[in-house]
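All chains are identified by letter, namely A, B, C and D, in their written order; residue positions are counted from 1 within each chain.
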Amino acid sequence: MKKMTYAEAIRDGIRQEMKRDSAVYLCGEDVGKFGGCFGVTAGLVDEFPGRVLDTPITETAIIGSAVGAAAVGLRPVAEIMFVDFTGVCMDELFNQAVKMRYMFGGKAKVPLVLKTICGGGVAAAAQHSQCMEAWFTHIPGLKTVMPATPADAKGLMAAAIRDDNPVIYIEHKQLLGLGGDVPEGEYLVPLGKADIKRPGTDVTIVAWSWMVHRALAAAEALAKDGISAEVIDPRTLVPLDKDAILASLAKTHKLVIVHEAVRTSGFGGEIAAVAAEEGFDLLDAPIKRVTAPDTPVPFSPVLEKAFLPDEGKIIQAVKELF
Amino acid sequence: MQLAKENLLAFYQTMVTIRTFENKAAELFAAGKLPGFVHLYIGEEAVATGVCANLTAKDYITSTHRGHGHLIAKGGKVDLMMAELYGKATGYCKGKGGSMHIADVDLGILGANGIVGAGQPIAVGAAFACKYQQNGAIAVCFFGDGASNRGTFHEAMNLASIWKLPVVFVCENNMYGISNCQRDHMNICDISDRAAAYGVPGVTVDGNDVVAVFEAAAEGVKRARQGDGPSLIECKTWRWRGHFEGDPATYKNPEEQKTWLQKDPIPRLAQKIIELGHAGEADLANIADAVKAQVAAAVAFAESSPDPVPADVLTDVYAGQ
Amino acid sequence: MKKMTYAEAIRDGIRQEMKRDSAVYLCGEDVGKFGGCFGVTAGLVDEFPGRVLDTPITETAIIGSAVGAAAVGLRPVAEIMFVDFTGVCMDELFNQAVKMRYMFGGKAKVPLVLKTICGGGVAAAAQHSQCMEAWFTHIPGLKTVMPATPADAKGLMAAAIRDDNPVIYIEHKQLLGLGGDVPEGEYLVPLGKADIKRPGTDVTIVAWSWMVHRALAAAEALAKDGISAEVIDPRTLVPLDKDAILASLAKTHKLVIVHEAVRTSGFGGEIAAVAAEEGFDLLDAPIKRVTAPDTPVPFSPVLEKAFLPDEGKIIQAVKELF
Amino acid sequence: MQLAKENLLAFYQTMVTIRTFENKAAELFAAGKLPGFVHLYIGEEAVATGVCANLTAKDYITSTHRGHGHLIAKGGKVDLMMAELYGKATGYCKGKGGSMHIADVDLGILGANGIVGAGQPIAVGAAFACKYQQNGAIAVCFFGDGASNRGTFHEAMNLASIWKLPVVFVCENNMYGISNCQRDHMNICDISDRAAAYGVPGVTVDGNDVVAVFEAAAEGVKRARQGDGPSLIECKTWRWRGHFEGDPATYKNPEEQKTWLQKDPIPRLAQKIIELGHAGEADLANIADAVKAQVAAAVAFAESSPDPVPADVLTDVYAGQ
């Protein structure tokens, strides 16, 4: 174990796989000498000569070229600086990368990691603060990874790179500086396995990325009020570890879903649907979603605070169930 | 450059194969045997043929919605293609792709593509892999005049240029994007002029002259293999049919259509072969007959092949599923 | 009332608004002399000289320019030939068109209709057959319209054009030739109002677009087995007429949601979540979703039939509740 | 063209306003008073100033993430801008937009934009509306060297060309896209050369010479107003600061930075004004003092303004809400 930040852990995951496999390369805007807009890839350009490539402002070609390279044997880690910019390369992701295998009758594989960052809380406003994971989970053929801790960040990055399918790996701005223990040496976290970040018996809170920490804070406070909340972090939304959620519901019979993305058609809807379909008899209260409202992300910190879900809003939602 | 007899005869064989395959597909579509959209390459055979004659199976191509010609010229098997057009389990894509998505990655064919312009950055990526792996292979990107207006063209050309990648961009200017003719969709005559915007050499050739196409492509391929970076070749040609089968193409000028039919690349090549004494009419007719038989066999193969089974819908989504 | 097809009714709705307001124009690939890939806009180029514009293959500029034109006073109807191509212009839609008003503090309006077509059943394969409405419903600021009948097609098109916000209007290939009675003269269907396409008492089936007709066929068959199904067509997914759904559940206590889009994170999840949150006490059985599986759309008609939801699959799902 | 005294003094006033506003923003950011990202226009003032001097309030501009200069040159009010930078309820966007989204549609300012290249097709649409409504107005699109690599550039230029729209594309080539310098992100020297790919005239000017910029823009604006279609003007300039405040910009060559600082457009204009006898140093100092007071007042306005209230988060999503 080694103490490192989430940002360092991401880098460590990339480093681990670049060392292991020369087919892995990293490309994107300012990922090289600049070290990435948030410093996540700092130094890799020197460590791996010729394998860390700065691109022009050309998201379409970044992902399009990564598809081509992946289809013929490389393993690109292609960065889109903010998840908000994926609208520019959506066709390359959802019509090319993820469909090639199926359209070609299983005769291709596209081991491509789209690395990007999401989330609010830094007054970056409507085009630099979004959480768009629901879109990605609606794309068959893609896997969606959203780590919440340094250890998960490393292990899931390594697993994403090693996966033979397109994976979108979404970091969170608020977590970059978060410290934690990270296993040294080769470390992988399997895609599709949830993590119970806090066990509990009275209510199940499902949250991911930054919201895991908000949920943990809420659970801490709720414990003082005698409510024992179990916090489940799916870590990957696709594949989704339904079993972990249903097993928790069998214990708690109550479900609160927390996400930073806007409410309507957020991934919370999918989880609610799974619970109402496959866990209906386990539930003894309405399902609750704690989410951002259906608005763009506002700039002013006052407004953004009102926009973002937080422990207060989670606690309130949980208490409405008791 | 004086091409050898074998080269010219090989061109002839390929072009006739494409034409025969496409005529058969038109007939089968009209008879209601082929589901979905079918876009035919009739009249444009010299482009794919002249370009792909410079490639080996290790090289890559990206194709378009109008892909049959590229696939055949790159070595695609007509029986597996035809079975795919029928949606059969024996087709190239097990019936999952259809005409617009036929691929043979082992032959370097990275797929026909239903999204206009999508192949451009994909070819750049394949070329990047060739350079990264230093394997001597290159990539060729086929795309239309219409596709040259998409942002993908711009971004792909620019990236290929600054990374000096081994890729040849081949613009098949058949003068139309569906109903929109070139003079209505861009304000320049020669699409090859767009190469200068990226510091890339561009050239325009007669796309109905297979030898001219071959030679221009040879130059581009040489540049690519030598590590001199990308190039753009515009091949002026003409789409004989409607945009897709079923389109009566009333927007085309009948006079123009007539003029272009007279520039049919196949008789032009035949005449050259005969003039050079490489073969007689009978020899060429023999080639055509053999091709006809091959295509008929492909149809028989397709028709006698099984459909996929419904459960197949769930497979091939993820590798390692 | 006049008999017309769904395609004619769409055209009639556009015509009505173009006659009424000279700020309305139509642009897109092959919408003019070609009359649209499916003939929907045939003849309009002659009826409205200078107001129906063929564009190059340039989805990014089609929507981007429509945003600019709308922001300064025009009312574009901008066609994207297949909804599958919206990946190419997603940024223009979700970061520009729909956010301008909010980002500018309410000081702009963007009355833009993105007209497009979705759906399978014609062996058009993975890149020309998709149903992507869930993405659009996850974009605050956008309204999502999916008519199922000729009358709705006309009235909703007119309402979409008259709305001062960006609206995506999604036709369905299977419905173009469907005939029906359509009001002559000015006709508008309000956005946000569901239509009960068939009343019933035992189970609520929510379906939209082509699936309304599959649900109606299933309801017909279920009636023979003594099950009375209510078929609700929300017609617009955003705004969603929650009240209509909850009112139906108050009667039937059972919910089956049908959509052609792939299952995970489809709009069915959102409806299920609304029901499990706001109508939990009304439900006496698990919620069911009848959807396409999580795969790309296959080409072969045999496979596509297996892929698409149909009355058989709906009937089976309903029966599992009884 | 010999510009009148009033013109040159107006240029000076605008450029000094931009510089003063930006220096103040840098100071406020460093002091932790401005939330979010702040991208400054220092060193590039001649571009926005020279271009916008050709426009009226009826004309439209699209701006970028580095938008303060464009907004001020187009008539934006520094107090409302500053309040927006602070996120206050009195700001241009009621605190909802921030630096990257300031707009004043009534003044024809269609917004700063956080998406690089997004303004290009939006400007084309505004120009289309001008032509459609025959109102004599035009649109100007500001964008960077980096943005000229995006597909939006290609599509916007092509559409503007074939529709012959009244739009002037102004490329601010400050030699960098974040850390990526021009020679690394494209293989050509003059971005104006890209215009030829669309049959559009292109010209390169010294972007630190406000008179040169004004004259080139006058030509483009005249073309646009006369119905002759779009043009592309490349203005070579230099970004003095880091990409955003907080970026130490260690990737820049200090020598180059020094050279460019010496080409500061403001003293260059001042010298010309003085040489022409239009004003003395004291007059110019008076202008600068007045601007300073104006910017100080803007800061006071912003600081004394109320924050938005939390409930405001829900408004302004839909028109007619």
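The rule is simple: a residue touches a chain if its C-beta (ideal position, glycine included) is under 8 Å from a C-beta of that chain, and two chains touch if they have at least 3 such contacts.
All figures in this text were calculated on a predicted structure; none of them were measured in a lab.
Compared with chain A, the chain whose C-alpha mean position is the greatest distance off is B.
Averaged C-alpha coordinates give centres for chain B and chain D that are 45 Å from one another.
Centre-to-centre, using mean CA coordinates, chain A is 40 Å away from chain B. Each chain gets one centre point, the mean of its Cα atoms, and the points for chain A and chain C are 30 Å apart. Per-chain Cα centroids separate chain B from chain C by 36 Å.
Touching of two or more other chains is recorded for residues 93, 95-97, 101, 113-115, 149-152, 155, 158, 162, 184-186, 317 of chain B.
Residue positions of chain A with contacts to 2 or more other chains are 56, 58, 60, 84-85, 88, 91-92, 95, 102-103, 125-127, 140-141, 293-296, 298-299. If the chains shown are joined wherever they touch, the resulting network links each chain directly to all the rest.
Residues of chain C touching chain D in their complex: 25, 50, 53, 55-56, 58, 60-61, 63-74, 76, 91-92, 95-96, 100-109, 111, 140-141, 143, 163-165. Taken in their complex, chain B has these residues touching chain D: 149-155, 158, 161-162, 184-188, 193-194, 196-200. Those residues of chain C lying in contact with chain A across their complex are 84-88, 90-95, 98-99, 102-103, 125-127, 132, 134-135, 137-138, 140-141, 238, 240, 261-262, 264-270, 272-273, 275-278, 280-281, 283, 285-289, 293-296, 298. Considering their complex, residues 29-30, 32-34, 37, 54, 56-60, 84-85, 88, 122-128, 293-296, 298-303, 305-307 of chain C touch chain B.
Only residues 60, 62, 91-97, 101, 103-106, 110-111, 113-115, 118, 120-130, 132-133, 139, 151-152, 155-156, 158-159, 162-163, 315-320 of chain B touch chain A when the two sit together in their complex.
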